[in-house]
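Here's the structure, in C-alpha cells; my notes come after.
In this document, chain identifiers A, B, C and D correspond to the written order of the chains, with residue numbering beginning at 1 in each.
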Amino acid sequence: MKKVRVGILGAAGYTGGELIRVLINHPEVNIVFANSESNAGNKVYDVHEGLLGETELEFTSEMPFDKVDVVFFCFGHGKSEAFLKEHEIPASVKIIDLAQDFRIKGSHDYVYGLPEIHREQIAGCQHLANPGCFATCIQLGLLPMAKAGLLTHDISVNAVTGSTGAGQKPAATTHFSWRTDNFSVYKLFTHQHLHEICQSLNELRPSASPRVADTLNEGFGTDGITVDFIPYRGDFSRGIFCTEVITLDAPLPAEKVVEMYKDFYSSAAFTHYSEKPLDLKQVVNTNKALVHAEVFGRKVVVTSIIDNLLKGAVGQAVQNMNLMFGLDERAGLNLKASAF
Amino acid sequence: MKKVRVGILGAAGYTGGELIRVLINHPEVNIVFANSESNAGNKVYDVHEGLLGETELEFTSEMPFDKVDVVFFCFGHGKSEAFLKEHEIPASVKIIDLAQDFRIKGSHDYVYGLPEIHREQIAGCQHLANPGCFATCIQLGLLPMAKAGLLTHDISVNAVTGSTGAGQKPAATTHFSWRTDNFSVYKLFTHQHLHEICQSLNELRPSASPRVADTLNEGFGTDGITVDFIPYRGDFSRGIFCTEVITLDAPLPAEKVVEMYKDFYSSAAFTHYSEKPLDLKQVVNTNKALVHAEVFGRKVVVTSIIDNLLKGAVGQAVQNMNLMFGLDERAGLNLKASAF
Amino acid sequence: MKKVRVGILGAAGYTGGELIRVLINHPEVNIVFANSESNAGNKVYDVHEGLLGETELEFTSEMPFDKVDVVFFCFGHGKSEAFLKEHEIPASVKIIDLAQDFRIKGSHDYVYGLPEIHREQIAGCQHLANPGCFATCIQLGLLPMAKAGLLTHDISVNAVTGSTGAGQKPAATTHFSWRTDNFSVYKLFTHQHLHEICQSLNELRPSASPRVADTLNEGFGTDGITVDFIPYRGDFSRGIFCTEVITLDAPLPAEKVVEMYKDFYSSAAFTHYSEKPLDLKQVVNTNKALVHAEVFGRKVVVTSIIDNLLKGAVGQAVQNMNLMFGLDERAGLNLKASAF
Amino acid sequence: MKKVRVGILGAAGYTGGELIRVLINHPEVNIVFANSESNAGNKVYDVHEGLLGETELEFTSEMPFDKVDVVFFCFGHGKSEAFLKEHEIPASVKIIDLAQDFRIKGSHDYVYGLPEIHREQIAGCQHLANPGCFATCIQLGLLPMAKAGLLTHDISVNAVTGSTGAGQKPAATTHFSWRTDNFSVYKLFTHQHLHEICQSLNELRPSASPRVADTLNEGFGTDGITVDFIPYRGDFSRGIFCTEVITLDAPLPAEKVVEMYKDFYSSAAFTHYSEKPLDLKQVVNTNKALVHAEVFGRKVVVTSIIDNLLKGAVGQAVQNMNLMFGLDERAGLNLKASAF
C-alpha cells in the first residue's frame, strides 16, 4: 500500500517536534517536508530532543504541496487562517490544523476532530480542526453525561496542565526557577477552550436539557448552565489532570453512572474507563485518555487524564489522520508509556 | 525575661524536626527535651536535615515534664489521646497538640488554635489543638464569607498538597519514582479535615445562614450545605494551594468581596490579602497565608495558600505558643521565604 | 514467521513492568506468562503504570517453561542463581538474566550482553547476562579508548542516576520528600558495577596497555590503572548521565578522538556519536545511548547517556533477545523519546 | 546601636531579591534604598516572591549614596566596573560587589571576601569582592589541602548547580519543559570561576608545592597542576553539590585528613565538617557550607555543598558585611533550612 505523504508546517515548535517523533515510526507515513523558515537546512535533531540517530530529516523552507496527501498546521493560534489567505493549498490535499482557528463551526468546512463523537465525519472530511488539550480532556470527562441529558446544573471543572502546554517560547511562568515546586492558577473561568467545550456539550445534549452557556461570549448570569473552569499550572512538563463535578437533579446509583461511561467509550480506540482512581503518569507519553467516576449523593465526580502533547494535540491529530486515510486508528500510536 | 521552656514529644518525625528547626532560632525559647525513644542518644541532626552546625541537641528517652512550661505533641493522629491516658502531665504545663485528637469540641478543654478567629481564647488557654494543614488553608479562604452569611450554596473546594503532608514513612504514593511529575486525587469528598472545617464555618455563620453539613458524619443528601472537597497529591514537597468556589444568592461587586477579606484579616499576623493572583512559592518556607478573591457573576473564586509544615502545622503551633505565653505573635517566625 | 514465545519471572518489579511495556508492542513476540506469586490472578495493569487499555494480561503463579522459547529473569540481584538451583529450565529455552549473577566470567556459559562488543557471541548464545545500567553507560564512554590502548592513567568517572535505578521498594533515599530537589553521592569508589566495567576494559585493551585493576577485589594501590567512579543520586526518575575523564600520555587532535568514537559505533544499532554536548532527555524513554567527546590538552572528556530502564536494562535485554533469535536488532525498540 | 544603612543596586534581579529577603529580617540593618530603574515605584513584593506581607519597601530610581553606610552591587558581571566609571560613590561608603569584576587581584583595593581565609582583611576593608558560587563551594572543598601542601597532582572537580545560578532572564536551558528531569554539562573545563579558585589555591599553597595553573589564561599543557572542573546543570533551583578528587603522593590515614578539615574550619561561622556523607538539602536555604572527606589509597574524595544564592552569593555578602561593620558574623543569617 502506498504510504501517506505528509507535509508539516511550523515544524520547529513543540507540536511540530512531537509530530515528527510520532510520524517517523508510523508504518504508513512518509514525511515529505518539515517546513521551518528559520531553521531551513538544519537537521530536525538539532532542534528537537530525542531525534538524533532516528532520522536525518532536515527542515526546509519549501512547501511542495503537490507532493503530499496531507499537511499538518503546527502554527500558533490565529496563524492558520492567516496562512491560508496567503497560500494556496490544492483541494486534493487534506489539512489537519492543530491551532484553534477552525474549531468553532462557521463559514468553513473543518470537522472538529474528536473521534469519540465525530468518527464518521472525520473519516469523510478533507479539512480537520484538531481539538485543544484542555478541551479534549474536559470533554472526555463530560460527554457521556451530556448525551444522557444529565448536565442540568453548573459544572465545576478543575484541571492542571504541564508546562509544555505553554509552548516553546521562554516566559516568566515557564522559567524553571519559578515553576519548579510551584503551583498557580490562570485564566480563571475565562480559558479560551470553553468555546469548543460548550459547542460539543450543546451538540450532544438532548433537546430537553438546559443549554450550556458560553460565558466567554455571553458573560455570567445569562440563561443556561455554565462550565466553571479553573486551569492550573503544574510543575511537570507533560499531562493534564482534570476533575469534573456534576450535580444531578436526583441521586443515581454509582453502577449506572459507571456503565454509562463504559458504554460511551466501548468502541473508542484510546479512551478507557478505569475502575480505580487515576494518576497522571498512567497516560504520560501515550495517546490514551482515562476516565473514572465516583458518586456522592447528587454529585458525580469524574476524573479524566491525557498527555497534552499527544491525545491533547499531536497524537489525536495522527489518530484523525489515520481515520481520514482509512488506516488502523491506532497505527503509529502504540506508544510505550513512560510510566516513570 | 525568662525563656519559655519547651518539651517535644515525637521529635523524630517530620513535624518534630520542623519544630526544632523553628525553635532553635526562637529568641524566647529554650528546648529542654526532644523525646524519641528509638533515637535516644542520637543528635537531632542525625535525623533531621539542615540542623548540622545549628545545634548539638540530642534526642532523649526522658520526658521531664516538671522542667518545662509547654509540651508539643508531634505524634501521629490518635496517639495524643492514648498518650495522655498513660502519662500524667502536670496541670501547670501547657499542651499544644499537633494531631487531630482534640480539634473537635467535646469533653475536653482544648481550644482550636486558629488565631484568625480564636486569638483571645488561645491567649488564655492551657491546652490547644493545632488545626490541620488542609483545614487551615481552606478555612482561611472561607471564613470571611461564612461570617458574612454568604455561604448559602454547596462550596466547591479543590486543594493540592505537597508530599510532606503524607509524613515520613515511605509509601507507594510517596515513592519518588511514582510521585515525581505525577498528579492524583485521594480521599475524594471524604477527607477527615472536613470535620474541623465544618465546625468553624458553623461557629461563624449568622443564625439565619444555612448549616454546613458534616458529610463525613451525616452523609450526603442531608439538610445543610456541603463542602465538596477534592484533595490532590502534588509533585512538590511543601505547600498547599487551594481554590474555593462559592455561589452567592445574588452577584456582589468584586470590591465589596475584596474589602470583606481585607477587613477580616486586617489584624492577622500572618494572613494577608493579595491583590494579584497567587502562586504557591510565595509562602513556601514561611508561616504566611495569602488569600485572593475574584468574582464572576454569582460565583466567587477564592485562592488560599500556605506552607503545610509551617502555617499548616509547626509554624501555627509556635504562633499559638507565642499567644499562649504573651509573646510577640511573630517571634521566631520571621522566616525567609525560600522563593525558589 | 512464528513469534518468539516469552516467559517473564519477577514480572511485578520495575524491570518486569518495563519489559511488559516494551514487549506488548513488539511485533515478533508473544508473552506466554508473566510470573509473580504475590500478584497471581491480578491484571498487570493493576501493578504497572501505563498498561490499562493496552493488555488484559494477568500475572500467573505458573511457570510453563515448556511453552516458551526464552525466559527473562527480572529478579533482584543474587536470586537468579538461587532460582536455577531450585528449578529446572529445559536446555532448549534461552535465558536472559537482568541481574548481575552471571555478568562476571566463571564456571557458567552466560554471554555478557553488550551488543557493541559481543554481537556475534550474543547471536549464538543460549544464556545471556544483561549488563548493569551504570556499567553500560560507562563502558560505552570508555570502550573505544580501551580498544585503542589509550587508557594508560587512572580514569575519573562521575555518573548520576535516576531514582528508578534504586528499584520499587520504598526507602529513605527514594522518599519523594527527601529526594526531590536533592542531590547526593553513594557507594563512592565502591559501586558493584566496577567488576563488569573492568572485565570489559581488560578484554578490549591491547596487551601492551596497562591492566585495569578491579579495586573492589584488589583494593587501591595495587598494580594497574583504576576506574575512580563516583555515583550520584539525581532527582529525576529515568536516565544516567556520565562523564569520563581520560588522561592521555600525549595530546591527540580532537578530530582523531571523535573519529575513533564514530568508527567504533558505526554499526551499532542504538549507540550514536553526537557532535554536540548532550543533555539527558535526548535518550529518556528510548533504547539509545549517545556519546560525545572533547579534548583539552592531554585530557579527553567523554559524556555518555542512556535511559537506565531501557538501554540500561530492559531495552538492551530485548535488543539481545532480537539478536539471539535472528530478528531485526531494532524490532520493538523504535520507542518515541519522551523528550519533555 | 545605630543600624547599618544599606543601599542596593540591581535590586530587581535574583540576588537583589534574595538580599532583600535576608536583610528585612537582619536586626542591625536598615534598607535605605533598593534601586531599579525599570521597577521604580513598584513594591518589591510585586517582583520578588515571598515578600508580600513582609515589607512595603518600593524600588527607587534614586541612589542617595550620602544616606547609606554600605552599598551592595547586584549587577550582572562586568557592570560594576562600568557603573563606577559613571558614578561617584563617597569614599566613606563601603562597597560589596556580588559580580566578578574585582575578584582577581589587580589595580584596585577590593578584598576577596571568603571569610574562611580572609576574615581579618574583610573586617578592615572598605571595598569587597564577593566570591562566585561555584568558586566558594570548590574552594571550601580544596583549601585545607592546599594549605597543607597536598595538592600535587591535577584535581578532578565535578559540581552541579541549581537553575537560579543562571539568573532571572529566561533562556532555553532554564525553560521548565527542557530543564525538568534533565541533566547536562556546560563550560567544560572552561568555567570562569577557575580564575578565582586558582588565585586562592596559589595564595595558600606552601612555596614548595606546585603552582596551580590557570588554564583559562595559560591553556592546558603548561607548567603547574590543573583544576579539571566539569560544571553540570541540575534540575533543582537552589544549591551546589561538588566533589573534588585529589591524588596524593602517598596514602594518608583517613583520620588525618578529616582532622585537617576540622581544624581548618574550627572557627568558621558557617562552614562545618560532616562525619557522614552529604546531601544537598542539608544546606538549602541556609548560609552554611558542609564538607566531608573520604580516603581511598592515594585518592581523597571531598564533597562540599552550599546554597548558591546564600553562601554562594547573598548570604556570604551579608556575612562579609557583618565582619566589615564589626557585627556578630551570624547576625541576620540564622536561616531555617527548608529541609524539604
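What we mean here is this: contacts are C-beta pairs under 8 Å (C-beta built on N, C-alpha and C of every residue); 3 or more make two chains touch, one makes a residue touch a chain.
These numbers come from a predicted model, not from an experiment.
The chains touching chain A as well as chain D are B, C. Two chain pairs, C-D and B-D, are compared here, and C-D has more C-beta pairs in contact (counted per touch definition above). With centres computed as the average of Cα coordinates, no chain lies farther from chain D than A. Averaged Cα coordinates give chain B a centre that lies 46 Å from the centre of chain C. Centre-to-centre separation between chain C and chain D, using Cα means, comes to 39 Å.
The distance from the centre of chain B to the centre of chain D, each centre being the mean of the chain's C-alpha atoms, comes to 36 Å. Chain contacts: chain A has residues 14, 49, 162-164, 177-178, 180-181, 235-238, 279, 281, 284, 340 touching two or more partner chains.
Of all residues in chain A, those touching chain C in their complex are 14, 17-18, 21-22, 25, 46, 48-54, 162-164, 180-181, 237-238, 270, 272, 274, 276, 279, 281-286, 288, 290, 309, 334-340.
Put simply, chain B touches chain C in their complex at residues 14, 49, 162-164, 166, 168, 170-172, 174-181, 235-237. Looking at the complex, you find that chain A touches chain B at residues 154, 156, 158, 160, 177-178, 180-186, 188-189, 215, 219-221, 228, 230, 232, 234-239, 241, 243, 245, 247, 251, 277-281, 284, 294, 296-299, 301, 303, 340.
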